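Dropping the structures in below, format is structure tokens.
In what comes next, subunit A is part of two complexes: it sits with subunit B in the first one and with subunit C in the second one.
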Partner chain A sequence: MSEIHLQIDGKDVVASEGMTLVDAAKSVGITIPTLCHHEKLEPYGGCRICTVEVEVRGWPKLVAGCIYPVEKDLVVRTRSEKVDKVRKVLVEEMLAHAPDSEQLKVLAEEYGADKDRFDKHPSFCIHCGLCVRYCAEIKKKHAVGFVDRGSNREISFFPEIAGKECWDCKECFPLCPTSALQAAYVLAESLMSPPEEAGGCGCSCSGHKK
Partner chain B sequence: MDIKRIDEIIEKHDSEESSLIQILLDIQSEHHWLPKEALNRVAEKLQVPLSRIQHIATFYKAFSLVPKGRHEVHVCMGTACHVRGAQRVLDAVQDATGIKPGETDADLKFSLETVNCLGCCALGPVMEVDGKHHGNIAPSQIASVLNNCD
Partner chain C sequence: MTRLSSPEKLECARKEIVAKIDPSKPCISVCAGAGCLASGAAEVIAAFKTELEFHGLTTEVNTRGTGCPGFCERGPIVMIYPGEICYLQVKPADVPEIVSHTIKEKKVVERLLYVNPATGEKVTRESEIPFYKNQQRNILSENIRLDSKSIDDYLAIGGYSALSKVLFQMKPEDVMGEIKKSNLRGRGGGGFPAWRKWEESRNAPDPIKYVIVNADEGDPGAFMDRALIEGNPHSILEGLIIGAYAVGAHEGFIYVRQEYPLAVVNINLAIRQAAERGLVGKDILGSGFDFTVKVHMGAGAFVCGESSALMTALEGRAGEPRPKYIHTAVKGVWDHPSVLNNVETWANVPQIINKGADWFTQYGTEGSKGTKIFSLVGKISNTGLVEVPMGVTLREIIEKIGGGIPGGKKFKAVQTGGPSGGCIPEAQLDLVVDFDQLTKAGSMMGSGGMIVMDEDTCMVDIARYFIDFLKDESCGKCTPCREGIRQMLRVLTNITTGKGKEGDIELLEELAESMGAALCALGKSAPNPVLSTIRYFRDEYEAHIRQQRCPALACKEMIAFHIDPAKCKACGTCFKQCPAEAIEGGKKRIHVIDQEKCTKCGTCFDVCPKQFGAVGKISGEPVPPPVPEEKRAL
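And now, the complex of A and B:
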């Protein structure tokens, strides 16, 4: 594999082809914050908290460090006024969804994010997709997935699969950057509802197991 | 719902995983919604996880996971139709069918939706019934149009 020379925060870095900026920075001890990144999973680029500034032929642009591959002679800045501002707003937006997330609180401290800037929508989910991707890529069970779109998008466990697989696994819970509670809650909820909507009356009458 | 018919639709698309959305669209246009058994069958035949099918079926507005009526009524609420009295048209449709936008009546005859533009603003206010456009429609004409549906 060919070696690629680039510069991250003024440090010369030698990386191999196919590495991402997050990997390359890590190899010289520079930490780029991530939320949706997991080393066992395919790069996703969902949360954008790994946003860094790169200079390509003298032109600066903002890219997601967890999916951007290293390039020859790239100049990367992992902290700059622009980058910090982007991360601050991202953290503020995510805090509106998950105000009690420990990881987000640490990031908020670092970037001076105001947790009350946006109205609260406590869904506890920041759509990092870690649980969904872990279940699909590592466990290959597809017990949890995203449903709906836009602001209504949420994770959902499928009772048919979750009822069989999840009680003995639960490996996705600790991955959650906000709290494991939401995953547990959604799981419990989907297991409690009748498995076949069409067959049942859809209510919580005594005809169904609670 | 006929599982055989679902299989035919799947085979028409050579059981290709990449034709998933086309298959769902075909089932949707035939049944007016996507029954759970059909989705299970598609998942099994195409070897696609059910979670991905749900993801797609809930993402696109063209798909419905709840039963829809035999006749789809769309009332345009776009700007041009709005200023030409779309709200009065919608009220008349609601009175005639007894359902609100997003609902389906009990005998599965009508489903009512509002849409934001049908692309023929000069005909406003526009109502679409099963793909047929009714332009310049007056609230008083609604009942006769809907009565023509069986």
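And now, the complex of A and C:
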């Protein structure tokens, strides 16, 4: 593996090929926050809290630190004014879903995010996809998935599979950055209601909706 | 069908086809594009067949269903050759007259001709209609020269000669050189130079490579790709095979949206015909080059047109964008190098090969060469597909080709680049249309959507409309796009319903900035409609927020209808037509609108006789109190 020299927040960093900016930063003691990132799972790049600024051929660009591979002579800024502003808005947006999430509270503190900036949303899910990906990639069960798209995207336990698999597993619950209890709640509810009575998506993931 | 096993055999076949064509033999071409079919083209074609049979002319006259010439608004369009007589809005009932007059007696049916609204003059030939005359139809013009279901027609106009040239007279590097010299840039969105992607793919060591046609065309109102792939499918296929040869790919995909069934039929047919002739498959034209291609039907979401989402969908997974900091040209479908280009981009390739890069670069500006097809819609006299050289001004497109704004209204803005493009105001109408200028003006070329808006359009509401569209089209995977769009829509809805607050504009700008962190270009470009309208129409935002006034008098919640007592002549028209029964009237009594009951449908405003003009729309000011009952007598 060849060595790659780059600069992160003014520090010279030597990284090896294939490393991401998050890994490279960590090696010199710089923490780039992450939420949806998980070492055992495929790179996802969904929450974007790891957003950093890089300079590509003189042009500043926002990229996801958990995915972007180290490049020779890259200049990375993990705490530029722009990065901080973006992270603040992202945290505020997620707090509208999960105001009690410990991880989000810590981030809110760091970036001066106002938890009441946006109206509360009935769904607690911040769409990190950890439960969905863990179930699919590690457990290969696909008991929980995303349904619908855009603003209507929600996680959903599929009762036919969840009813069989989840009670003995529940490994995804602690992964949830919002609250494991809530994930459990959703699961319990979907198992209780027979599929035909469930909501539009074929389950009652949206026990919180309407 | 014989396989053409050498370039010579291709030329022989072509000669044979051409020899059979009698240029003096009348030919009736009816547009069989989706637009004209929707307005009854199939019935018109059937009527011609019956009528010709009746007159015993079946062998003396050809009829064919062609690709879309672009003037869909006036369809079904019928062209009669020789003579190039162009009839618009033809109905089956017009067919007997056309056959007896034009075919038999060589006379023109005047009433079916185009009438120039400015001069009142009738125009016989298609090429003289201002809508067409001011275009440069390098690509679209082929559409009406051929039956979209006939490979022979395509061969007759020189089809597959570029492929033959490439395979036998050019090395892949030469093809690459020619494309590079032409500086062909992608027509599907980003305007990325085609040769760069091709070269990156070619240089990737992986021996398995793919070439892909993006025919997902998700922009609402855009249909240039549909017109090309439906009308001239072989040209897309030929372009794709040439690209495959240049990059060293032996497999290709054509990703067509499901909503384009005719495009799917025609491209599949084209592939089959080409395979029978040995133009696709093993050992093409005896050159030793192999290439196979599959058609993939897209499941409909707008975001599936994004390159990484499209490739994920091709792999059989949910069409969701994935993070890519390694170009798909190097690592695309199943991690193999994949060159993805838009339909129109591919359509340019055979022409560049045949006529040369120098021919191509004579059109366009320094940075944007060739022509571009736009889909011109909205508040414009002539809607349809418009192909112009890059570098014409917006004004030329809107005024000369589009024929200006109908109904004596004033132009307000033109939205280019699809749902995540931007709005350009009147002051910028002399802007030269090319990739870089449109981007500089806060909009983009996109795939060529062009929506014209007149003075009655509220620019805040337009921004809201596009964000509302994107709300459902974002895949929802990443926070800045999913949540940013959600919050933007809330703010915009508030502003357009009179609930805007100081600070809303700044909030929109802050949200827009955070969306720069989105995963794919949908989220990154979604703020464009908002930012461009703030940039050029900030006063409209401020009027909504500060004065509760919609300057275009369009936002329903912020307007009121009012009858001017001094002008009302008690004709009773509005009284009779108001669907909400919100008007108090009576014989010789001044009419009054009950603001409580009024649903703001605007019927009274539309029906009040012009000479009275008593109904007014007001916004941002209190509605004058109703005339007291006792003073209503006229």
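Remarks
To be clear about the criterion, the second predicted complex is superposed on the first by the 193 of 210 C-alpha atoms of A that agree within 3 Å, B and C clash if a C-alpha of one lies under 4 Å from a C-alpha of the other, contacts with A are read in each partner's own complex, and residues count from 1 in each chain.
Everything below uses one rule, namely that contacts are C-beta pairs under 8 Å (C-beta built on N, C-alpha and C of every residue); 3 or more make two chains touch, one makes a residue touch a chain.
The structure displayed is predicted, hence computed values, not measured ones.
By the document's definition of touching, neither partner reaches A:Asp168: not subunit B, not subunit C.
Of the two partner chains, subunit B and subunit C are each touched by A:Phe146. By the touch criterion defined above, A:Asp12 lies against neither subunit B nor subunit C after alignment on the C-alpha atoms of chain A. Looking at the shared chain after the overlay, A:Ala64 reaches subunit C, while subunit B stays out of its contact range. Which of subunit B and subunit C touches more residues of subunit A is settled by the count: it is C. In the superposed model, A:Glu3 makes contact with neither subunit B nor subunit C.
When both complexes are overlaid on chain A, the residue A:Val89 reaches subunit C alone and has no touch with subunit B.
Of the two partner chains, subunit C is the only one that A:Arg48 touches; subunit B does not reach it. In the superposition on chain A, A:Phe118 contacts subunit C only, with no contact to subunit B.
Residue overlap on subunit A between the subunit B contacts of one complex and the subunit C contacts of the other covers 146, 148-149.
Of all residues in subunit C, only 301, 303, 322-323, 325-326, 470-480, 482-487, 489-490, 510-511, 513-514, 516-519 touch subunit A in the complex they form. The residues of subunit A lying in touch with subunit C in their complex are 43-49, 51, 62-64, 67-69, 82, 85-86, 89-90, 93-94, 96, 118-119, 126-127, 129, 146, 148-153. Subunit A meets subunit B in the complex at residues 132, 136, 142-149, 156, 158, 160-161, 196-198. Within the complex formed with subunit A, the subunit B residues making contact are 35-36, 49-52, 54-55, 58-59.
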